[in-house]
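Take a look at the structure below.
Chain IDs A, B, C and D follow the sequence of writing; residue 1 opens each chain.
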Amino acid sequence: MKNSKYLPLLATFVVFVLGYVICISVFPNMLSTRVAGNLLTDNAFLGITAVGMTFVILSGGIDLSVGSVIAFTGVFLSVILRDTSIHPLAAFAIVLVLTTAFGAAMGGVIFFLDMPPFIVTLAGMFLARGISYLLTTESVPITHPFYSTLQEIYIRMPGGGRLTLIAMIMLAVFALGIILAQRTRFGTYVYALGGNLTSAQLMGVPVAKTTIGIYALSGFLAGLSGIVFSLYTSAGYSLAAVGVELDAIAAVVIGGTLLTGGYGFVAGTFLGICIQGLIQTYIVFDGTLSSWWTKIVIGLLLFGFIALQRGLMWMSERSARNMRHASAAAQASGA
Amino acid sequence: MAVPTIIRERTPQLIVLAVILALNAIISPGFFSIEIQNDRLYGSLIDVLNRGAPVTLLAIGMTLVIATKGIDLSVGAVMAIVGAVAASLITSGYSLPATLAGALFVGLACGIWNGALVALLDIQPIIATLILMVAGRGIAQLITEGVILTFNDKPELIFVGSGSFLSLPMPVIIWVVVAILAILVVRRSALGLLIEAIGVNRRASTLSGVNSRVILLAVYAVSGLCAATAGVIAAADIKGADANNAGLWLEMDAILAVVIGGTSLLGGRFSLVGSLMGAMIIQSLNTGILMAGFPPEFNLIIKAAIILIILIVQSPASQAAMANFRANRQTVAIKTESREHAAR
Amino acid sequence: LTVGFSQIGSESGWRAAETSVTKLEAQKRGIDLKFADAQQKQENQIKAVRSFIAQGVDAILIAPVVATGWDAVLKEAKEANIPVILLDRTVDAPQDLYLTAVTSDTVFEGKVAGEWLVKEVGDKPCNIVELQGTTGSSPAINRKKGFDEAIAGKANLKIVRSQTGDFTRTKGKEVMESFIKAEGGGKNICALYAHNDDMAVGAIQAIKEAGLKPGKDILVVSIDAVPDIFQAFIAGEANATVELTPNMAGPAFDALDAYLKDKKEPAKWIQTESKLYTPADDPQKVYDEKKGLGY
Amino acid sequence: MMANAQPLLSVRGVSKAFLGVSALENVDFTLQAGEVHALLGENGAGKSTLIKIITGAYRRDEGEVLLEGTPIHPRDVVDAQKLGIGTVYQEVNLLTNLTVAENLFLGRQPKRFGLTDVREMNRRSRAILDTYGLDIDVTAPLANFSVAIQQVVAIARAVDISGKVLVLDEPTASLDAHEVEMLFAVVRQLRARGMGIIFISHFLDQVYEIADSITVLRNGRLIDTVPVAGLDRLKLVSMMLGRQLEADIKRTIDPNTAKSEPLVSLRGLGKRGSVDPLDLDIRQGEVVGIAGLLGSGRTETAQLVFGIERADSGTISVGGAPVNMTSPRKAISQGFAFCPEDRKTDGIVGDLSVRENIIFALQAQRGWMRPLSRSEQEALADRYIAALDIRTSDREKPIKFLSGGNQQKVLLARWLATNPRFLILDEPTRGIDVGAHAEIIRLIIDLCERGMALLVISSELGELVGYSSRIIVLRDRKMVSELTGDEISTDHIMKAIASHGATGEAA
């Protein structure tokens, strides 16, 4: 009975392991800690914003603005570090306040005007990128020495792989995200909103606060992701991170979270990120695909993973139900 | 009496459209002037109708999909695929009817693929259609081999994109015809009701004997067909199939058009007429921005701001406030009526 | 020899041509080319480069989507002793992090286009409309800059309208339509400058549909020299284009060869030619040459 | 009535209108500490609306609400909870995606080091449910449990959070006699502790059993508040309905039907882990009742017959010919109809109008190509609105705005409109007021007499006995008994359930 809740997570995990095994059997090189380290570092920004997206989707919403917010964060940081002598840490604080407020504002509009999140955040997406354009259309390098200091922080793993600062930030965000979702009132409220809005309201969930909190959290994490992205590229660019929202949504959903809300896990999103990273790594390692085959293969693999996950779910749901009934019957006769 | 109700229900959209058109006319004085050039009506207003064709067509299919609580992210990619198919068929010597039939068939197949994932495999629509959104452009490029497949010497296909009939540009004729057809089929049959019911409560609909799977499949198929039509028009318009850019991000515009038109993303009640107006609102906005001559960096901000204003004005919250206001004036009448009802 | 190639994507015909020429050049030299398409995203390019390093390739080619943000990954490549060559755009990184850059000068391209127009119109007053590339992309910024430099100080040349056409035909056509409407049915426009040929091809159709003659009523100058613009030359509908050669890989592989064999450090910048083509340059012949290159 | 100096809760002159249609007009209501106060009235009388106003779910248009003499203005449910008012709403309003424990403790989870102490929460949940005799896995999602269990959880939650006032809106609708007893025991305890309890129910027996006083609403207006002691039942009913209720009807069974050929016959129909194989014949002009405790597999049996779940053994034949029952569509094409018990998720199409909900199944059956014309639809809708006395201000009103009981009637209308040969009703009278209750029973008998075959599931044994030609009794997903003729009585049913339950009680 209990495991039915964790079924999608389990299915995703099995799919990931299967996928990795297949990759390794084709390219033994992929077993190295270097590849593992790259997987974490390269997807750090995506992972961080996907944690925020998980909360949004768990609550039954969606946030299309994250990609633009990441770009805005980068542009804002690069411009402010270029034009003023503010310390990057102070700039980080400012930008996080801004993006959090931006998210909160969207949450407010969604709740108080009763508008669909898809549309509100779509407007937010236009707005954030529009503001980035206004700040600068050129890509601006960040040359502050503090950035190099941060970029130099990493733990060397056996085998030459690196666990970089940004990878560590991502792992920390995931850990905190899991705790927030599973072990706090806010987390339960998020699930409650996704389960059934009216019921949640009637059961006394502070819907307004929670909705605003969710989008503020997503804004905050998108800002943090933007900071990580700027560390990753040492630059700000208004065209950066186009379409990241779709990648994040895909990671969340591949991770077993229901887009209609209420069911899913932050840990699943981590698996979703890893699966997507795996697909990309595989394609690069292969290195023979033309541009168009790359797209097709990504689509096919996406389909493969989702179909496999569906199949696993379907099979184990069936056996779980049979088991449940068996145990219920046993309970009844034994009682 | 059908037309007046349709218009009455869509008053907010009509007002918004009128305001935006008026703004356009203020910014560029010749906006409303229409003249005949080369036997064809010519003017900014015609441009709005003409350029709006792809989004309008996409919005028709998208409305039906959204009414079932779904979403179709793949329409832009399907446009690219179909454009590529049409271009490669016509350049390899097929006749126009064969080309069009082939193109529409491919669009239909794409739609059925999406529908099968959603209806049969129960994959969430956004992810189901994301697959084709990602892979679709690849398929289109595979067909064109990465180049812009031009057909400058095929006037029959070009006619679909830039020809004119009865002085109206072909794309306008096509979308108007498709729209009328769609509205007739959906509203004169019971299809509209069944679609709405599936969107509101799929389980209850299935239990009441609605063939939900088939209808879902059909709705995505129609969306594929609409995207195919839009794809042919887009390719014919530039006399070539641009696998990379045809229909790029148009799915977002189409969704926006549907929402501006008053159909909820949560499924259920839908309005095709509203979506058409939504598409026209978006296109007038685009054309207006182009005519205004602002630096392009401002495009997005202006668009976002205006969309926000439109949405806030017609958000359920403000609508409810309006309705309450109106209701309060009618309260007395209804109260007596309901008392009579109770007395019976 | 295994070489990894991180390409931006396949967003335009020119890009597709560059990819196919690169593959061809690699094949000619017996190089095993690992190709990675980044779908227009820098993060994907960085991922690809990291994967190349993890795979242990012998050299890496990058066609960077944007100039900034390469320091870290280039450092990693250097630590792994893998030479990196940049194609068609340079980066904002210390020069010792890469072997060389084979690029054209996009500012210069704009300038060539501008200078051609200056010469063409002489002292006549001329209102120019400009179709910019994707807002914020470096070719759009640079091609605008170069063109502006060329016409600076010429009081008779004036850019009256400038909008983005996203480097695409569709948008090129749509934007040109609105330019024509906004400028008195196109009578006030004397020349069109498009940041790439695709937009120019779209705009030419818009001009024709408005009942004007492209190439005569409105001069058309653009950049890239893709095959389709030569067809427009043949039809007398376009007036000039500046070539951006898709063959960046040839010089790159030559430099790499020399470096690996003889430890010969190449120059930090190998600039490709920005050749101006006009209808006088036997467009049919150029068209036939270019047609097979995968544009 | 216990005359306290100050009432615990008093409502004065409250009015409420929805989009101009008034649901409550100038209603007064007084609740004393230490009393159970029943709120009665027909479907749509405004009971739920009144308590939603008291608990802050709706905002009142006029009037005031005083708690212990001080005016209160709960902005939302949380506010009301803080004031000590706990509520179980009519439609189970819990979150089926959360675990049982989370549902019980939502918003007040025990904490340790700032984080939710899940172990403590589960422990306390088990303890709470223990008082209701419920031993279930509190860490499983609520969705795993039947409506009845969910209802018990909802009650347990409300009881646990309410300090002063407990509001129960039709809490017993989906409970069986045993569970009702358990609930009443708890309610009596709370009353003894001085709490005020508002109790809404359509079961008059229960009202007489537990309530101290009664307030009757009709058409959104207060009729009267009276003490229960000495209140004549018929008088109460006429207060509610505004007219006399006709005498109870007992069906006379035509002995000939038993000999005719069965219309539907099930042979060894079953599904592993869900329903054990069973044989059953249903003839035209016959009502077969299904009795059993909660979770005994009644609903699942009906779902097998209607093709919602697929049987993995046995056959269904209709009129002698075997039918492969693969989907509801298939069943409907055989002239079957099924009125589900969980109307919210399985029945109503919330955003659609009453008219559309009524013609819905008929339209689905005709197919999309043959739409019913607007006038046909309106005629059908009007006919059933009148026939079943569905209370709605307008046939174009979205069904989600109808009161619970009226939604149930619309669903019945939906299926009657298809003119079925065989009608399956799962808890058809749940949440239906006394007047309508009698009408529905009359309707069942009437349909049966006109030759329809019916399969009716109900937890109200008295009602089942009233109209059934035969009754089968399920226990633990097995058919344990089939009662015919004179065996049909509540006693026999109880015995059938209990005799087999003996093993369970012994342990």
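The rule is simple: contacts are C-beta pairs under 8 Å (C-beta built on N, C-alpha and C of every residue); 3 or more make two chains touch, one makes a residue touch a chain.
Since this is a predicted model, take the numbers as computed values, not measurements.
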| item | value |
| --- | --- |
| Between the pairs B-D and A-B, the one where more C-beta pairs touch | A-B |
| Between chain A and chain D, centroid-to-centroid distance (C-alpha), Å | 42 |
| Between chain A and chain B, centroid-to-centroid distance (C-alpha), Å | 30 |
| Rounded Å distance, chain A centre to chain C centre (Cα mean) | 35 |
| Residues of chain A engaged with two or more neighbouring chains | 133, 137, 290-292, 294-295 |
| Where chain C touches two or more other chains, by residue | 10, 16, 19, 135 |
| Junction residues of chain D - those touching two or more other chains | none |
| Chain-to-chain touches, reported pairwise for every pair that qualifies | A-B, A-C, A-D, B-C, B-D |
| Complex interface listing, chain B residues touching chain A | 73, 117, 121-124, 126-127, 130-142, 146, 243, 252, 255-256, 259, 264-266, 297-305, 307-308, 311-312, 315-318, 320 |
| Chain A to chain D touching residues, read off their complex | 1-2, 4-5, 179, 182-185, 187-189, 191-192, 194-196, 198-206, 262-263, 321-322, 324-326, 329, 332-335 |
| Chain B-facing residues of chain A, complex | 109, 112-116, 118-120, 122-124, 126-127, 129-131, 133-134, 137, 246, 249-250, 253-254, 258-260, 290-300, 302-303, 306-307, 310 |
| Parts of chain D lying in touch with chain A, wherever the complex brings them together | 57, 76-78, 81, 87, 89, 93-99, 102-103, 106-107, 109, 114-116, 118, 137, 139-141, 144, 157, 272-274, 476-477, 503-504, 507 |
| Complex contact set, residues of chain D against chain B | 17, 19-22, 219, 306, 308, 327-329, 332, 338, 340, 345-352, 356, 360-361, 363-372, 391, 393, 414 |
